[in-house]
């Protein structure tokens, strides 16, 4: 059960054992985060580059803090960077960063497959921080970490993912991780955003929100991704909210121990009402905290760490 | 005379003793800044987030350097950050930063009271780096530090603040600090920008600049804040300069040991002439240097430091 | 052969011995970069400010990484910074950075002479990271470092610089460095971009690209600098490419051991074809790697290091 991969490109190609190694390593790093001094020297002298061609403050900061906690040097390279404006290709930019001795490149890009593309020619390690509507593997890892921590297991749980599935890399990565770890996954949302093709992955698809949430142990709400929808896929935000938003009335239909998740940033009053977002069954902020531990684990493993047994001694 | 506060939200609620504790601690940190190696490990493993919703390179860099000198990890979160663009509320942004284990959030915001608002629900410490036209407490602390260092005391001094008082958080914070420490405060500027209501705070208000500066030990010039004036409060910059600008002729009317201050950035030829800004009685650059020591002191105290006696051993 | 300068403003004023000291020191730092832990404590507690008034992600990151490797604290100050927007002068901005205890200011500016200007009034050290169309000394140092590493010497080599010489600070700095170290320099490009006046520096000027490259040991291609040309100096990019671009056919006319350089970012298909850029005779990515070592050397020497003999013990 030790880690051997150089890159983290997606969840689809990971085994259940590899996912579990990340989660166990993250658990060890979460304990580090509760110490008075939250830093370990595991990546001292290593350079991590956040290559965020599509902007994301939230995920960028989480990776930046994770790298700092591991004592790495961190460079932020943003979408507005001048070399892109000067017409440089992504390949040349990445090879330049590698020539600057970057050890790990964390890439977010609007194009599906951009991280895989880099991994084919770079000697540096590549971590996918979200590629188009394809995958967002560290989000799925932090979500499964949070579920496992709260429920003690993943296998056998009913997990409902509600919202814009079609354009969501968070949904795709979560589906892969949950199915590999033995959960039952139900997808629900407007028919335009939840095509039946997801049944071929092994999910249940339903368009009846009450039925989707009735037996769920976990309800994972997705943000309505305006920026990734080429045309309006549903009449209005108000209609989305009334048909699919998780409000107090719908929460009353769920099992009493069903937990609520959301990758953030939340749209209060759209996919989730404030009283649900802030209730004690909401895990939204714990997901953020766990994201830091999961990203420390991923950076640590990608850099050559073998698993959780090595964390304590670092 | 030890510090017990978790936040620094304003000067209004501080006691004279608390202000003095900050100034004494800053003096100890200023001595650290004169060593060959200017760093101390006091905040090692702590995370400071600069949450600058209103941009300010100058103050942000001062806090960033202060945190680095204390060996903290620093994250910069700017106004243009995508989660604000995605419609996230300030409350959710702040709670997310706290979930990322931020220990201290330094906030600048265009809305009065934003730091107080955060302090009501965060476990992290909050430092006000300027909120609207309300307060800018670290600026007042560095100004009083500078005055005390040069004049040996604050009590009994005549301090004149000249310029746009109405829209100035620097003025408000300075007035509170100076009055608490026993100075006499005179305010002067165009009547539209210096309403008589400030007399209720205990200040003297005059519209005669020659009279305002004649007996002053300290003349603190404020920048004309174009960006915070909803409409033109005086006919033109040229008219402001001729009526209230500190030039060589007016400098000749002051006491020979009167000292000149300005929070920067200065508008040469508007509120201050170049020969005054660059003369030996100008403290403008010393204020900047002292700002670093004062912000180190505030971060140190907010993080649990008790006072100057602890600095040497850190 | 030890270093005594406080600033690095240009190549023109350096002696051959001083250039050699930088190159030798860079060689020692390149060896540090090949260790498992690539950091040295030489600049611990020092503050380096990247004052990039003209944007440049590539050079800024190279300096940022170099400073991090030397354990300095680094602050990035960008063109969009608010104090410039608020009307502050460059002189006041620089003096403010110095008042914040900046030890070294790395400046890029669109105005020729901006670094020299700062050096006349600052106590902090100044490094020119590119000033207008004047000089870019660290680029020339990394280029000569790369040539010396590959060819074992500089003296007696034929170096051809091809492209937009007139507006290129890279060309100017390279010409000075190469001539001081004893190379023969040939300049070639459109007549509008390669005026005969360069012959007075000691270069050979030709407008025949085949003749320019025939005897070259090194061919240094410059990027077409759209942003620095006030009007079009040649009919079109396509025409430039067909007349002066280095493609496979022209490469076949060169000596078999001629090496290809480019300061980046490259315009594939304009000044260089992809198969030339990516061939084994291309040093483009090695230049980037060497830039890190050269900038570490410059920061180290400017900070008081004497030469390569001191690197190992740091």
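Details
Going in written order, the chains are labelled A, B and C, and every chain counts its residues from 1.
Keep this in mind: contacts are C-beta pairs under 8 Å (C-beta built on N, C-alpha and C of every residue); 3 or more make two chains touch, one makes a residue touch a chain.
This structure is a prediction, so every number in the text was calculated from the model and none was measured.
At the interface between chain B and chain C, under half of the residue numbers appear on both sides, which makes the contact a different-residue one. Between the two copies, chain A and chain B, the C-alpha superposition involves a rotation of 120 degrees in steps of 5. One inter-chain figure worth recording: chain B and chain C are separated by 40 Å, centre to centre, where each centre is the mean of the chain's CA atoms. The set of chain A residues touching two or more other chains is empty. Those residues of chain B whose C-beta lies close enough to touch chain C in the complex are 33, 35-39, 55-58, 61-62, 64-65, 68-69, 223, 264-268, 285-286, 288-289, 291-292. Interface of chain C with chain B (complex): residues 44-47, 73, 75, 77, 81-83, 86-89, 92-93, 95-101.
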